[in-house]
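These notes open a run of structures that come right after.
Same chain, two partners: subunit A is paired with subunit B first, then with subunit C.
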Partner chain A sequence: MNYKWDWGILLQEPYFGWIWAGFGWTCAVAILAWMIALSLGSVIGVLRTIPHPLPRAIGTAYVELFRNIPLLVQLFLWYFVVPEVVPREAGMFLKRGLPMPEFWTAVVCLGFYHGARVAEQVRSGIGAIRDGQRQAALAMGLTTTQVYRYVLLPVSYRIIIPPLTSDFLGVFKNSSLALTIGVIELTARSRQIEEYTFQGFEAFAAATVLYSLVTFAVMTLMHVTERRTRIPGMISLEAK
Partner chain B sequence: MFGGFDYAVLERALPLLWQGMLFTLQLTGLAICGGVFFGTLLALMRLSPFRPVSFFAASYVNFFRSLPLILVIFWFYFLVPKMLGWPIGGFYSVLIAFVMFEAAYYCEIIRAGIQSVTRAQVHAGSALGLTYGQTMRLIILPQAFRNMLPVLLTQSIIMFQDTSLVYVVGLKDFLTTADLIANRDNRPVELFIFAAVVYFVLCLIGSTSARRLQRTYAI
Partner chain C sequence: MIEVKNVSKWYGDFHVLKDCSTSVAKGQVVVICGPSGSGKSTLIKCINGLEPFQKGAIAVNGTSVGDPATNLSKLRSRIGMVFQNFELFPHMTVIRNIMLAQVKVLGRTEAEAEERAMKLLTRVGLVDQAAKHPAQLSGGQQQRVAIARALAMDPIAMLFDEPTSALDPEMINEVLDVMVALAEDGMTMMVVTHEMGFAKKVADRVIFMDEGHIVEDATTEDFFGTPRSERAQMFLSKILSH
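Moving on, here comes the complex of A and B:
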């Protein structure tokens, strides 16, 4: 195998700047998408635990729909199909009016996709709480909303920190799919450097190290958080 | 809104889409076999009492699980021909990438499956005079596989979805074919909705049967 190593290439401009810019976009997509996923997922997850058939059916339909279509297909649907099938003015806005359409499409798509996964975690978290707690809260005169707001959700979030952590890392990794519609994030940048310089090892290694470092940092941070917030006497759901 | 939905476009596209689906199924099938095989090896290594071996397996799994699949595909697409010194075609490069990547995920499932069999059974096996290999092969693994079958199926469905990522290196799987035809005929709405429906139906059948397996088959 003959290969000319040149690790210095990573410190040269413009490649050094490319990598950091790409890393910034990766973080921006991942964090914004995660905010959507967490809020939407919590709502859908709660819907699936309400003892009434209609909200349950809506929650189940959402989860099944978003989990059974590949993320890349969903991304293409949001990017190529949605602007065509919504009413004309809205479609024009999506195609022409919206600044950075690729970026926002990727954020919304990832948010909805991972929302389905978060919903499953929230549901299993609520399911792991013994029914006595809900009954006790109701017996104390709390309304259903209050039961969720003050009893079920706070406990549930603390139980599901480990699986939520791996879901966040999933968003972080899946943000690389945004390159298919033209968001130049970290993976796209490393590919670009490979194409410009033929130094594939160095370029892909840089991206690999950055992804691994973020994973490691998030895991460590969340492990500490999980220990600090653990409810005595309750075991946490293990990360899948 | 859907007034202009043109079914004739789909009808003309069907033969090519079928070719793409065959590619997708072939890649998925081979990657599952490779992934489960190496995943089992890794899981046994991870559970090994010999420290360096279990450390190596754990590092491998954690490392691959921290990377996006697209990056892994790029790595192998670039690396495999360089290492071998001759081009072996996109299909094999991507297949190797999938096997290496999915083995890390299968390893965790298989490890959990092995650990779900109680330790007393290992002791019972030893007490009967079986060797470690015999205990694993005859007692632990058959029960473990039965326990983890639903999760293995779920992971395989995820992988079936993940094969659509070969789009990034331009291999003609189901989705890439749909994309090419969408561009050629300028009918993205029909083609992508059709692709989504096909994936949805197949994956829904898969995940429903995974749930049924869980109810009827688990020990």
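Moving on, here comes the complex of A and C:
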């Protein structure tokens, strides 16, 4: 192979700036999407554990819809199809009025997709708590909302920290798909550098390092959270 | 205080409670015993509406439990319940367990709730464990905390669902002692248990259940003296033979 390595390219402007700007957009898409995923997923997950058929059906329908369509297809649906099928004014807003439509579309799409996955984890976390806990909380006169707020959810979040970590990492990695609708995030910037300089190896190596760095930071954050919220005396949650 | 009238309950096709009727007067202690699967736990869970029933009526202090218009949360806050597996909330300290419903349901201030909790912990002999988490306590200690947690709501009656069945033998007595003291203080109690010593000591009446029926509902002397049904006699001879 006749390849001329030039790591220095990564420190030259504008490429240095491109990489960091791309990294910034990657983080912005992923973190905002994760906030949507966590809140929406918690609500949907709770709906699926309520002993009434209607909320359960809504929760199940949501999860099956967003979990079963490939993420890339969902992204295209949100970006190309949704603005055409919603009422005219809303469609015009999505296409013309909304600043950075590709960015917000990516955020919403990833948020809804990971929301379905978080919902399943929240549901399984609540399901792992024996029914006596719910009964004891109800027997004290707490309302159903209070039972979830003070008893079931705090314990269930602790149980699901490991799978939630995987999904938090997943949202960073999946954010690279946003380049297909024009978000100039880290992967897009790397490709751009490759096209401008033909130094693709260096550019993608930098991207790889930055993705690894951010996932390492997420793992550390989740690990610290797990340790901080560990319940004293509980073996199952103590084991590492 | 507690009136159970012709209550029937089904789990699908399975008939768990068959036309059960009984009542508990204020200050009475009633022990419910019977073989496993006879419907004892289901019956007392119907009394605070944790289990729905399809037929009959239950009234606690004049409030109908089965009536859809009844504010079940409010009713439950006045009936203490103790479970076989303690069901303390694992992520809260002992004192937080006892304070939670006082603050969130009764609207007491943190300070009031804490004071009440400490008093009750003193009463059950666990005042030095207040800052620990449930998993750091023994089973007997956890169950005493659970009793304190129920008492913190100033209940008009207490329901016990096999409170000593999950305990190591040497811890049973520390829990029974608390329950005996409670009975002697005049608390209205319904207790599902196999501890016949406890029944003899403090129960006013004993209810014997089998296959969803209340087979026997007698005063304690009559029950241990001359149980009328053959089934109850057999049950007693089996659990009292050692």
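Here, the second predicted complex is superposed on the first by the 231 of 240 C-alpha atoms of A that agree within 3 Å, B and C clash if a C-alpha of one lies under 4 Å from a C-alpha of the other, contacts with A are read in each partner's own complex, and residues count from 1 in each chain.
Basically, a contact is a pair of C-beta atoms (placed from the backbone, for glycine too) under 8 Å apart; a residue touches a chain by one contact, two chains touch by 3 or more.
Because the structure is a prediction, the values reported are computed rather than measured.
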**OP:** Check whether A:Phe216 is in contact with subunit B, with subunit C, with both or with neither, and answer first, second, both or neither.
**Re:** first
Original post:
First (subunit B), second (subunit C), both or neither: which does A:Val46 touch?
Top reply: neither
Subject >> Contact breadth on subunit A, by residue count: subunit C or subunit B >> reply: B
**OP:** Answer with first, second, both or neither: which of subunit B and subunit C does A:Leu32 touch in the superposed model?
**Re:** neither
Original post:
When the two structures are overlaid on chain A, which partner does A:Val151 contact: first (subunit B), second (subunit C), both, or neither?
Top reply: second
**OP:** Report for A:Leu142: first if it touches subunit B alone, second if subunit C alone, otherwise both or neither.
**Re:** second
**OP:** Identify the partner contact of A:Asn68: answer first if only subunit B is touched, second if only subunit C is, both if each is, neither if none is.
**Re:** first
Subject >> Which superposed partner A:Val171 touches (first subunit B, second subunit C, both, neither) >> reply: neither
Original post:
After lining up the shared chain so the two structures overlap, which partner does A:Glu84 touch, if you call subunit B first and subunit C second: first, second, both or neither?
Top reply: first
Subject >> For the subunit A and subunit C complex, residues of the former touching the latter >> reply: 130, 132-133, 135-143, 146, 150-151, 154-155, 158, 229, 231-235
Original post:
Along subunit B, where are the residues that touch subunit A in the complex?
Top reply: 1-2, 63, 65-71, 74-75, 78-79, 82-83, 85, 108, 157, 161-162, 164-165, 167-168, 175, 179, 182, 188-189, 192-193, 195-196, 199-200, 203-204, 207
Subject >> Of all residues in subunit A, those that touch subunit B in their complex >> reply: 1, 3, 64-65, 67-74, 76-77, 80-81, 84-87, 169, 173-177, 179-180, 187, 190-191, 194, 200-201, 204, 207-208, 211-212, 215-216, 240
Original post:
subunit A touches which residues of subunit C in the complex?
Top reply: 45, 48, 50, 73-74, 76-81, 83-85, 87-91, 100-101, 104-106, 132-136, 146, 149-150, 153
